[in-house]
Structures are given as C-alpha cells and as structure tokens.
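In the two complexes below, chain A is the common chain; its partner is chain B in one and chain C in the other.
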Partner chain A sequence: MKFFCSRDKLIKNLQIAQRAVDAKSQAAVLRNVLMDASGGKLNLVGYDHRMGIRTSIDCQIDTEGSITVPCALLIDILGVMQEEQVYFTLEDSSMKVECGRSKYNLSCISADDFPPFPKIEGKDTFEMEAGVLETGIRQTIFATNPDDHRAFMGGVLLNLEKNEIKFVSTDGHRLAMRKFDVPGGSLPTQKVIIPTRTLNELLRILPDAGEEKVKVTVDVKSISFTLDGVFVTSRLVEAEYPKFEKVIPTRAEGQCRINRTRMMGSVRGASIMARSKENRDLIEINVTDDSIKFTSSTQDVGSASEELEVVKKGKDIRVAFNSKYILDFLGAVEEDEVVFDYTEELDPGLFHTDMPGYTYVLMPIKV
Partner chain B sequence: MGRIKALDKLTISKIAAGEVVERPVAVVKELIENALDAGATEIVADIEDGGRKLIRVSDNGTGMSREDAEMCLKSHSTSKLGSIDDLERVHTLGFRGEALHSIGSVSTLTVTTSDNENGEGWRVRMEGGAEKPLEAAARARGSTVEVENLFYNVPARRKFIKSARSEIQAVNSMMSKMIVAYPGVAFTQTHNGSPVFKAAGAADMKERIRYIFGKDIADKVARSDGEMAGMRLEAWFTMPDLAFPNRRYQMFVVNGRVVNDKHLAAAVQVACRGLVPSGRHCMAILFLDAPASDIDPNVHPTKSEVRFLSPHDVHSLVYRTIRGRFTEPGIIEPKEILNPIKERNEPAAAGRPSSQHELNIQVPEKPERSAATESSEVHAHPFDAEAAPRPLTQSVPENRSSIRKTTAENEYREPSRIAGHDFKVLGQFFKTYILIDLDGYPMFIDQHVASERIIYNELRRKTKNSAEQLQLISEPVETPRDVYEILSRNLERAREAGLTIEPFGERAFIIRAVAHSAGPFDPVELLAAIADEIRSAPDKAPENLLTGRLLTVAACRMAVKAGQTLSHSEMDALVERYLKEEFNRTCPHGRPITHKLTREALDVWFKR
Partner chain C sequence: MAHGAKTFGRRAPFLSGAPVGGAFDYGGRVVALIDMNAFFAQVEQICNPSLKGKAVLVGGNPKKRTIVAAASYEAKNKGVKSGMSYYEALRLCPEAVIVEGNTSKYLDYCYRIVAIFREFTDLVEAFSIDEAFLDLTHVRNLFGEPEDVCRRIKDRLYEELELKCSVGIGPNKLVAKMAADWHKPDGLTRVWPEELPHILWTLPVEELVGVGRHMKRRLNSLGIETIGNLADYPQELLKRKYGVYGELLHQWANGVDDSEVDPGVFMTVKSMGHSYTLPYDTDDEETARQFLFWLSDRVARRLRSDGYRGRTVTLTVRNSDMFCFTRSRTLPAATASSHKIRDAAVELFRANVPPGVKVRLLGVGMSNLETATRQRELSIDSESAWDRVFEAVDGVKNRYGDSAITFASLVDRPKRMVQPKIGMFLTNREKGRPDSPLIPFAD
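So, the complex of A and B:
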C-alpha cells in the first residue's frame, strides 16, 4: 500500500471520521481509523458498532490496499507537519508517514480485523434537503435525554408520511416538534428514533452541505445519510415512541405575544437568581393585563423581577417553569415574536411562533 | 411429692409443634413442600384470615395409599426417610416426619388423599392432637390438606400471631419465592377468596422473574451457569444494570430448597464488588444442585438453613459463575460503576508539606517550642486582628501568606459559647484536622466532613418544600409485588420522598411529578428504596431520597477540602456552625466527624 495526498484535506476528513472512532474502546482496532486506498480515492472509515462514518478524498495511488491506523495519533502527527503533500507507505504492519523531512512510523492493525458496516436490509431510500434535516435536528435535539432509563428519550423521532416530515423529541418534561410539508412528496411511511449522538455529529457535518440534498436510507435497525461525500450510518434506538400527539394541548384559555430577544434577556436575568442547588433554574411567570413578569428568588441570595410588555388575550396566569427549558425554545427559533398559550397553572404550556411548523410543549413546575 | 413431672404426650407434641410451625406461613411452607415432594405440577393454596381461619393446600401429586394415609399423622412418620443412613442422601424437601403431626396437634387438620385414578380416596382427621378414624372419600389423585383454626388450643402462641395482613404478607413473600424456585409448577393462591397469585405451570425462568419482580428486572436479568466439584449452579442476576439498597431481591435455592445462606450471600457480594456501588446489592437468584452428601439441610427445624461440606468450593463456584459472565466479551458491557458518593478529598499534601518549611525561616524565633508543635502547623490568617507579624504578609502572596504559629505563642482567645458549649479553636493540623477545646476537652474535627455535614443540612432545610416538575409523558413503571403493596398504601409518603405516583393496573405506577431538585434516577430502584424506607420506619417521615443522594454529592463538592489551609476566623466560623447543627455526629456518608480525647484516654496513654 503506497499513496500520497493533500495533508490539509486528510486532516479535515480524518477529523470527520474520528467522530465515530471510540478512543476509549477496549478493542484496539476500534480506536483506529480504516484507510482504504483504491480507485484514486482514499476512504477513511470510523466505526464503533453504534455509528459509522465514511469519508473520502482524492489521492495518488502507487499500490492499492487497506489498513487501520491509530486515529488520534495520525491527526496529531499530521498537525505538526509542514509541507502540503504527505506520503504513506505500508511496510509489513507499520505505516511510514513522510512529509518534507519528517518521517514517522505507526504500528497498524490489519484491515481484516475492522468490523464491516451492518448490511442494509429492507431499505427505504429517499432524499431530503440538507436545510430541512439541519433545522429539524437543531430545533428538537435539546429536548432529548439520553441518560434516561426510557430508551425512546435517547433520540429524535423521525416520523415520515407521504408528504410530511416530523421531527419529535421529549425528555418527559417537554416536547419539541418540527413539521415540514413536502408538497407532492412520495416519502415512505416510517417511524424511527435516531440516537442523539448521531444527530449531534450530523449537525457538525451538515452546515458544510449547503443547499444539497441528503440521501437517507432507513432500514429496520439502522439509518444512513449520504451528503457531500460523507456517509454516516447509525443504529436506531430500539424503542416504541409514545403517542406524542395526545400531549400537545389543543385549546388555550389565554395567550400572550412577546418579543423574543427581550424575553430571552428577561428569562436569563431571572434565572441568575435561581441558579442555586435547591432552585435549579426555577422561575415564575406572571401574566397580567398587558405585562409579563419573570421572577425568581433564592433564600440567602436574593431575588429578581423582570417585566415586559405583552399583547395578551384571555385570562391571566401565574405559572412556574424551568428557565433552561424556556431558553432552549427561545434559542431554537428565529422569529422576532414568540407566542405563549396557556390554560391553568398545572397544565402544559404551549410555545410557538407565527411561522407554522414548530411546537414546543412545556410542563410547569408545581410550587 | 416431687415437683418435676414427666410431660404428657399431648403437651410434648404442642411444644414440638412450636418449633416447626411458628406462624401460619410456616404451615403453608410445610404443606407446599410436601406437595412438591409428591411430584405435584399444580398447587393451589387457599388462605383465610391470614391463615388463622383456614389454610388449604391441594395438589395433583402422587397422593397416598390407604395405609400411608393412616400413618401420615403419626409423630415422626415420613415416607422420605427409611433410616438414619438415608439422612445422608436426603433429596426431598421434607424428611423430619414432624410436620403433619405437629400441625395436627395445634389445629383441626384434615387430609384427603387418593393415589389412584378411580376417584377412590381417604380422609383422615386430627383435632388438637386427637386422631379421628379414617373415612372413605372421593378424590382425584393427589392430596388436599386443610388446617383450620390454627393454634386454637395454644392461646399463648395465638396471641403472638400478628394481624391477618402481616401474616398474609409473610405468606405472599414465601409464595413468591416458591413461584420463582419452581418455574415448572403451576401455583395458585387466594386470600379470603380473592386471587393473590396465579402463575401458569411449565413457565420459563424469565417469565417467572417477570411475574414476581416485574418487567424491568426481567428485562435486565442475565443467566450464567457453572459447574465445579460435582456441584451445578444456575445463576440469574441483574448486575451491573440495577442495584438495590438491600438483599431483598436475592434468593438461594439449594437442591430445590429455598434457603438463607450467608456463604452464598457473601459470594454474591464479592462477585459484585466494583460492579455494583458499595452498599448496594444486585438482584440474584441462585439455583445450586449439589450431591446430597455435600449438604446438611438438617440445621434448623424449618430447614431454612443449610450447611455445606465445603463452603470454599461453593464460594468459588458462585464467584466464578457470576464474575465469569462479565469477562466474556460482548455479553454485557461492564460499565464501571463508581460509587456516586465516592469522595475525592485525599489531601493534596497531607502530613508535613515540604514547601512550607522554607516559609518557616521567615518566622521570628519562637520563645519556646515543644516537641508536639514541631511536627504540627497552626495557621493564623494575616488579616486576623490577632495575627502576629504583619510585615511578613505583605511580602508573600495571599494564598501562601498564612503564618506558622505555635499554640504556645497563640494569644489568649476568649472561648465562644455555642449551643451550650464553650469552645476555642486551637489550630489546624495536617491541613485536615481542626483541634478545638470543647468544654475543657481536646477535640479533633475533620474539616472536610464537618463542612460537608453543615452544607448538607443547609441544602436539606432549603429543599424541604421542594417544587415538583410535572411530567409531560408518563409511562407505567412495573414494580415488584412487595413494593407495589407497600407503596400503594403509602402514596402520600412517596410524595414526601419526592415522587408523586398513581397506581396503574395491578402492580405498576405512573409517575406524575418528580421533585424539581431531583437528579437522574432509576424509577424501579427508587420505588424499591422508598418502599424499604417505609417498611423499616413506618412512622418516620421519609427522607427525600431523590434529592438526598444528589445533595450528598453536592455537599461533598462544595465542602472545605482536606488539605486546605484555613485561617483562624474560617475555623471559628466552621466550628461554630458545626456545633449548631442538629445531626452532627456523622457526615452524610456515615463517617465520624469528631474525635474527643478524654482525661481517661490520655491517662491510659501515659500509663498514669
């Protein structure tokens, strides 16, 4: 195996593949990245049995072949090198890495020991705009809870119907749902839960994808995405997603409209005085006539009160929420004005904007 | 006339009965074991009034012939043992030949049995020890034993029988063990006519575990088999995914007999070390089959204990079987479980810090220096009004500015009076212990744990009326039967402990709200812990377990560390707050905080 390629491109792509390399794995081969030089391409593969990433760059190949190399080590080495081209030569089980006057030797593990990606069976393949995928993930991912004992909270539900895509997440206290209409679409009917970790990695890769289409393949136990030369495959969360529709309130007895940036400032302010161990970000919201007040207090520390003007319809309300949850919502939307629908003190509150498609349900705290 | 008399036969029987049948549960157990010995595959137990009114156990076992039926009520009569030599090879559950006779002498006992398919059977009766003649009766093959009015003729014993509820609880708990121990046998149990258990026969072990312990445990249970020195072990256990505060979910079945055994419990404990947080226990069911000659079940009349010929082998078999499972790759990932309350407060520079010796040079000569103060350090804060040489503090950076002072040089400090105590801080030793004069006694205080206790109590006080986070999505949580029974009667107390729950179906709860300050938790484990708390202290307000654990960790992090230099004013404040605390004997993890030296202790030391 002998080839050379651009050092910058290699580093960039190794860093992408590295996201699926488990540096702490007990199996040495899983701490490595698979390098496969064939057909003028160098493929780089990271795989930890849960998630796999394959990316490729152009290279000049002298002899084709494949091998696994310690991933973090290789990135470190490439980082200190100076020249543009880097040369690789495999001698026995040792990889010679040369760049300018730098020469390094890395012990390798045979590519035969590297686990293959799972076979895809009974697949449904379709395309999705990168922007849709990115927004859908970004607006829901924060409401998952991978640490919970309930497996379905460990990911975002991707709910596909003919011409509708829904992203849904919940941690038991709140639920975020983003819906996209695909006019004239012919999507397969699917309901899968994608692990939070996979989505986090996708988010890091996606901004580079621009306007492109992402090819999505859904299988019984796995899902894969192909975008901009990067292939990501992931095991699905094996769990039944609860009937989320029934927790979304369908009526409200009051509604207020608030400027989003101002509200963000006020909630942040009030949460400063609720930071203590015992309060854990609890703030109270008090809506009267044409104002909304955010208050908090901690014994021996102090109290806060932030007031904003609102346009209110219907009844007044006094309700307590975890301020972090409200800030998550405010940070996930972009519109200037947000809408808060409420009923009673102990009923779920509904946050949304005038742009249809995004719904955020939040359970209050009983004080 | 002499006062010592030989007891009559009836009295002897009644006394003997007391050993075997202490409570209704013991009767049920004896009868079920008889049914199992008779090879039954279906056993029905009907109990009334906690067993005081009626215990009826029917089976479809081999039954008894007419001759056997006549003999079965005699004292020390058994079909299971021919001579003393057979005792070496006992493989049946019963063998002492005491049970029926004993039960019959303290109740009205009726045995209906048949050993043939013709419906031809016999009935024998015993009333308070008096045998009634045998009658013919129609019955399918098998036996039915009815025990009515247990202890009616032993008022002393009857008085000690607890309420119907606690007796039936004991029966239920014993039955659930039997149900798990004999997956092949169908068990049905009723109490006052309403069904308690209905476990279908020929079940597999997972089904049984699910039936008794609930879905969560059954999902996480793993099996491992081992063999050694002629013994075979089948182990079912949940570690490291789930751990409980006690051994309630551990069960040992030795040659088909449910026993309590310290050796087995200890072996499980050792096997779990490092995988289950210390002080917690995994759920474990062990089935041990050993040659009858290696085991002596005749230790106790109720046969709840066994003696092993070679406890060592048993220990290593259990250890290897359970532990081995976790070294096999790919079966269960043995995640490293750290004790959540593990402390990281090893003093960075315990003992004599070498770097500080140089500072010592700058300190003005002490008028006198005793041997004791040579090895100790006493720090005074530079900004403390009573601190000595000022100029020095200006030349050294703040964090190193504490000055070595000896106790001898320390200016006189007025003792402070707190919570009925006079105290005076004498100094800090090894950057870890504060020495104070408490009402004239020298007392050492561990600065870390004292501070931890203060912070913990403070957090507890503040979180008492904790807010509750309502749940948007609530899934039913299936609990073990005993947990369900207790919690469903104590919903209010569960709420005080941090969980608002509602019963859902016959053994599950829905969690409606969780204490707002709660950390992450496993609901099955937590519900079991709350049930235990209620069980062990029915009248005490339960600790908020949800927040309690979290606060312990928080307090530990926020507390003064060992190895941290404290100024005199800081020490004063710490000791003062500490002495004011109500529960101040141990830190939240149970370590002692103080050590007081008495005159006697010192006298002994100096051999006065």
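So, the complex of A and C:
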C-alpha cells in the first residue's frame, strides 16, 4: 500500500471520521481509523458499532491496499507537518508517513480486524434537502434526554408520511416538534428514532452541505445518510415512540405575543437570580393586561423582575417555568415575534411563532 | 416525688471542693436532653384512655414470642423492665395489659414532639424515637433561662399531647443525658458544671453512658468501680487498652463531651421502609405478593408525601425459623410509584425465597433517595400517566384518609392487613380492628 494526498484535506476528513472513532474502546482496532486506498480514492472509516462514518478524498495511488491506523495519533502527526503533500507507505504492519523532511512510523492493525458496517436490509431510500434535515435536527435535538432510562427519549423521532416530515423530541418535561410539508412528495411511511449522538455529528457535517440533497436510507435497525461524499450510518434507538400528539394542547384560554429578542434578554436576566438548590432556573411569569413580568428570587441572594409589553388575548396567568427550557425555544426559532398560549398554571404551555411548523410544549413547575 | 433512688437538689449549693474553670469550663454551652418517659406506653394510654393508670406493656404480637418494648410506670414500679419477655413481665405484674406496638403511631407523635421543640430552637437532634437533644445556648436571649424554656416545653407537651417527659440540662450532651435519668418520670434536672465531680464521680462506673455489661467487667478488673476512679485513671493506659474508645470514656468520666447537637441527623432522610409481621406464616406466593404490594404502597406514599424518590429497593424477609435476610436492587431511575417498588420487591422475593419456605415477616424499604422535583411531567407515556394517578390518589387520601382509595387488588386484602391510622382520634376505628382483642375499651 503506497499513496500520497493533500495534507489539509486529509486532516479535515480524518476529523470527520474521528467522530465515530471510540478513543476509549477496549478493542484497539476500534480506536483506529480504517484507511482504504483504491480506485483513485482514499476512504477513511470510523466505526464503533453504534455509529459509522465513511468519508473519501482524492489521492494518487501507487499500490492499492487497506490498513487501520491510530486515528488521534495520525491527526497529531499531520498537524505538526509543514508541507502540502503527505506520502504513505505500508511496510509490514508499520505505516511510514512522510512529509517534506519529516518521517514518522506508526504501528498499525490489519484491516481484516476492522468490523464491517452492518448490512442494510429491507430499506427505504429517499432524498431530503440538507437544509430541512439541519433545521429539523437543530430545532428538536435539545429536548432529548439520552440519560433517561426511557430509551425513546434518547433520540429524535423522524416521522415520515407521504408528503410530510416530522421531527419530534421530548425529555418528559417538554416536547419539540418541527413539521415540513413536502408538496407532491412520495415519502415512505416510516417512524424511526435517531440517537442524539448521531444527530449531533450530523449537525457538524451538515452546514458544509449547502443546498445539496441528502440521501437517506432507513432500515429496520439502522439509518444512513449520504451527503457531500460523507456516509453516516447509525443504529436506531430500539423503542416505540409514544403517541406524542396527545400532549400538544389543542385549546388555550389566553395568548400573548412577545418580541423574541427582548424576551430572551428578560428571561436571561430573571434567571440570574434563580439560584436556589431545589428550584434552580425557576422563573415566574405573570401575564396581565398589556404586560408580561418575569420574576425570580432566592433567599439570601436576592430577586429579579423584568417586564415587557405584550399583546394579550384572553385571561391573565401566573405560571412558573424552567428558564433554560424557555431559552432553548427562543434560541431555536428565528422569527421576531413569539407566541405563548396558556390555559391554567399547571397545564402545559404552548410556544410557537407565526411561521407554521414549529411547536414547543412546555410543562410548568408547581410552586 | 422522684422514683429513682438518686436524688439531689435541683440546684445543689456550690461545692467548695469542685474545680472551677479548667476541666469544667464549658464555654457557656447549655444542652438539654428531653426523654419521653415510657414513650410507647404513654402514647397507648393517650390513644386509649381506658388504659390510663393501668400497667401497660407494649411490644410485638403477644401470641408470638416477643419482648416488652416499653412498660408504663405502673408496670415499671412492679419491677418490669424493657427487654423482658411477656412471660417474665406478667409474672411480676399479672394485671398488666398487653398492647401490640404500632411504630407509625409513635413516629407520628415523635414528629409532633419535634415540631414543638423546633418552635424554641432549630438545633434539635433526634437521639432516638423518644429522646432529643436541644442546644439552648443561644435561646437564652429569646426565651429566657434554660430551665424556664424546658418548663415551657414540658407544659406544651402536656397540654397539647398529654405527654410527660424527663428533662436533663447540662453543659454538654453527655451530662444532659445523664441528668435526664436522675428524675424519672416527669423530672427536670439541671447539672451545673461545678456540680459534676460531686454528682458524677461517686456513681458506679456502669452508670456512665457507653459503659455496658462487658465494659463494666473489664473496668472493674482494673480496679475502676466508680466514675471517679475512671476519671482519675491515666488516659494513656486506657487508650492503650481500649483504643480511641478508652480515650473517649476517660473524657466522658471527666464530664467532657465536645460533640455538637446535630440537627442534620433529623433533617436528612436516608431511607424509608415498612415491615410487617404477617398474621400467619405463609408459603403462598400470592399472599406474600399482596403484602409486598401493600407495604410498597405505604413506602411509596411516604416518599411522595415527603417529596422524595428512591432508587434502591430493599426486601427484608424473615422466615418461620426466624432466619432473616435482606436483598436489594437498584432501579434504572428513581421512583415513588407503588407498583414499581412492588415489582422490584416481588422480583427480589421470587429470586431469593424458594417455594415452600414459610414467611413470617416482610419488609420493603427504599434508599438512595433524591428530592423529587416540582417540574411537572408531560403525560407522554405510561410512567408519567402513573405519576398523575398517584397525585390524584394522594389528593384523595389527604382529604379523606388513607383508606378512602386504594388499588383494586388490595381491596380484597388478607384480614388484619389494615392498621389503624396514626393518632388519638382513631380510637373508635381501632375498636373494629380484628387483631386487638387484648385491649379493653372503655366506651
């Protein structure tokens, strides 16, 4: 095995593949990245049995072959090198890395020991805009809770119907849902839960994908995404997603419209004084005729009160929420104005904007 | 007035021989120990007025071989002591009435008592179910002299709960504890630092807190007969012989005790549990399961009402041979749901109790507790739906009593599973208890 390629491109792609490399794995081969030089391409693969990433770059191949090398070590070496081209030569089980006058030798493990990606069976394949995938993930991922013992909370539900895509997440305290219409679409009917970790890695890769289409393949136990030369495969969360529609309030007894950036400032401000051990981040919201007040207090620390003008319909309300959860919502939308629908102080609050498609249900705190 | 043999003036005159300052300078600390006299027996007499003035023995089920946990003073005067078997006790006091103990009733009283203490100071350390230390050092500025404060506490306990207690006041916990023992029942004793040598040192060494039967024998073999002998004994030698404990004993004999009154002991709950001796030994799994459900429900209800969730479920089983063991399991997440605790308890039972073994006592406990948040849950899955159910159930129980609502599978519970609810208002309901034939009711 002998080839050379661009050092910059190699580093960038190694860093992508590295996200699926388990640096703490007991098995040495899983701490490595698989390098496979064939057909004018260098494929880089990281895989930890739960998630796999394959990315490829152009290279000049002298002799084809494949081998696994310690991923973090290789990135460190490439980082200190100066020249643009880097040359690789495999001798027995040692990889010689040369760049200008730098020469390094890395002990390697045979590619035969590297686990193959699981076979995809009974698949449904379709295309999705990279922007849709990115927005859908970004607006829901924060409401998952991978630490909960209820497995379905450890990922985002991707709910596909003929011409509708829904991203749904919940951690038991709130539920975020983003809906996209796909006019004239012919999507397969699918309901799968994608692990939070996979989506986090996808989010890092997606901004580079621009306007491109992402090819999605759904299988019984796994899902894979192909975009811009990167292939990501992941096991699905094996759980049934509960009927989430029933927790979305269908009626409200009051509604107020608030400027988003101002509300963000007020909520942040009020949350500064919410420091007590048992009620961390608890802020009270008090909606009266034309104003909304955010207050908090902590014994021996102090109190805060922030007031904003609102356009209100219906009844007044006094309700307490975790300020972090409100800020998550305010950070996830981009519109200037947000809408807060409410019923009673112990009933779920519904946050949304005038742009249809995004719904955020938040449970209050009992005070 | 005093029942004990040892009596001395409430304020003994200053003794010229006693050292002032030095070893007996306590920096003005004042600690009181309040000991509820014959607590369980007193509570039983309050809850069932027909028992007043009678010799009462409180203990386990009288049909089983159990011992006297507490005896009323009427019985104590005839020589009955805690720890005797019923047989022994009845031989000394044949007219005594036996009452089966009810821990939750005593605990409830304990909470009410501590609530009164807390009105005077937050430095309350529950030493046991019927004794508590109060640090009165700084209370003087608010409520006056320690004796007056304690007298007020005594009055409140008697007026509000009809309870009598003995109070010991001293410069530290050790002396307060010993002082409380001097005038029983219903006494109030203050020991001044300078009185210590005179009072303490003439007493036999076994009167010192921490000196039991075995320690007494050992100390006697060293020629130590009185607390005074112990106080004079070289500390180094005691340390070499008995380690840290020897050193502590020497300090105690000299009336020195630096330990703080620790309210944390009462404030932090580490575990909660209920156990129950079955009315009959059984090897029927379904019966055991039902008792476990009932116990789990009680534990869960307590967790919920005190705002906790627990992660570790502990099962206690005693079989008919009196062999006792406990097994624990840690759940994936903290819970306060009755059925989840039951499921874990039943699983532990199935895994650890072979078929055919006759079970005598069952207990369910929860530890690894965490404070439940007040963040409301979305009712998205069955777990959060159950939380709502329990919230509603607790609401009904708080309003209409514990027996107002229960699981359908517990409606047809085995006989004698229902225990009367805590407190004195339930005397009439108690009458209907199938397992209380030994209590003669006046009305």
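Throughout what follows, the second predicted complex is superposed on the first by the 366 of 367 C-alpha atoms of A that agree within 3 Å, B and C clash if a C-alpha of one lies under 4 Å from a C-alpha of the other, contacts with A are read in each partner's own complex, and residues count from 1 in each chain.
Here, a residue touches a chain if its C-beta (ideal position, glycine included) is under 8 Å from a C-beta of that chain, and two chains touch if they have at least 3 such contacts.
If you're wondering where the values come from, they're calculated on a predicted model, not measured in any experiment.
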Given the alignment on chain A, is it a clash or a fit between chain B and chain C? clash
So, does A:172 touch the first partner chain B, the second partner chain C, both, or neither? both
Tell me the contact category for A:346 with respect to chain B and chain C: first, second, both or neither. both
Using the touch criterion from the header, give the chain among chain B and chain C with more contacted residues in chain A. B
Which superposed partner A:299 touches (first chain B, second chain C, both, neither): first
Let me test your reading of the model: by the given contact rule, A:355 touches which partner, first (chain B), second (chain C), both or neither? neither
When you line up both complexes on chain A, which piece of chain B, out of 224-232, 350-358, 476-484 or 566-574, runs into chain C? 476-484
Return the residues of chain A at which the contacts from chain B and from chain C coincide. 148-150, 170, 172-175, 242, 244, 247, 278-279, 322, 346, 348, 361, 363-367
Given the complex, residues on chain B that touch chain A span 329, 459, 462-463, 466-475, 513, 516-517, 520, 522-523, 551, 554
Quick one: in the complex, what on chain A touches chain C? 148-150, 152, 170, 172-175, 242, 244, 246-247, 278-279, 322, 346, 348, 361, 363-367
Of all residues in chain A, which touch chain B in the complex? 26, 147-150, 170, 172-175, 242, 244, 247, 276-280, 282, 299, 320, 322, 346, 348, 361-367
Looking at the complex, which residues from chain C come into contact with chain A? 332-333, 371, 373-381, 383-384
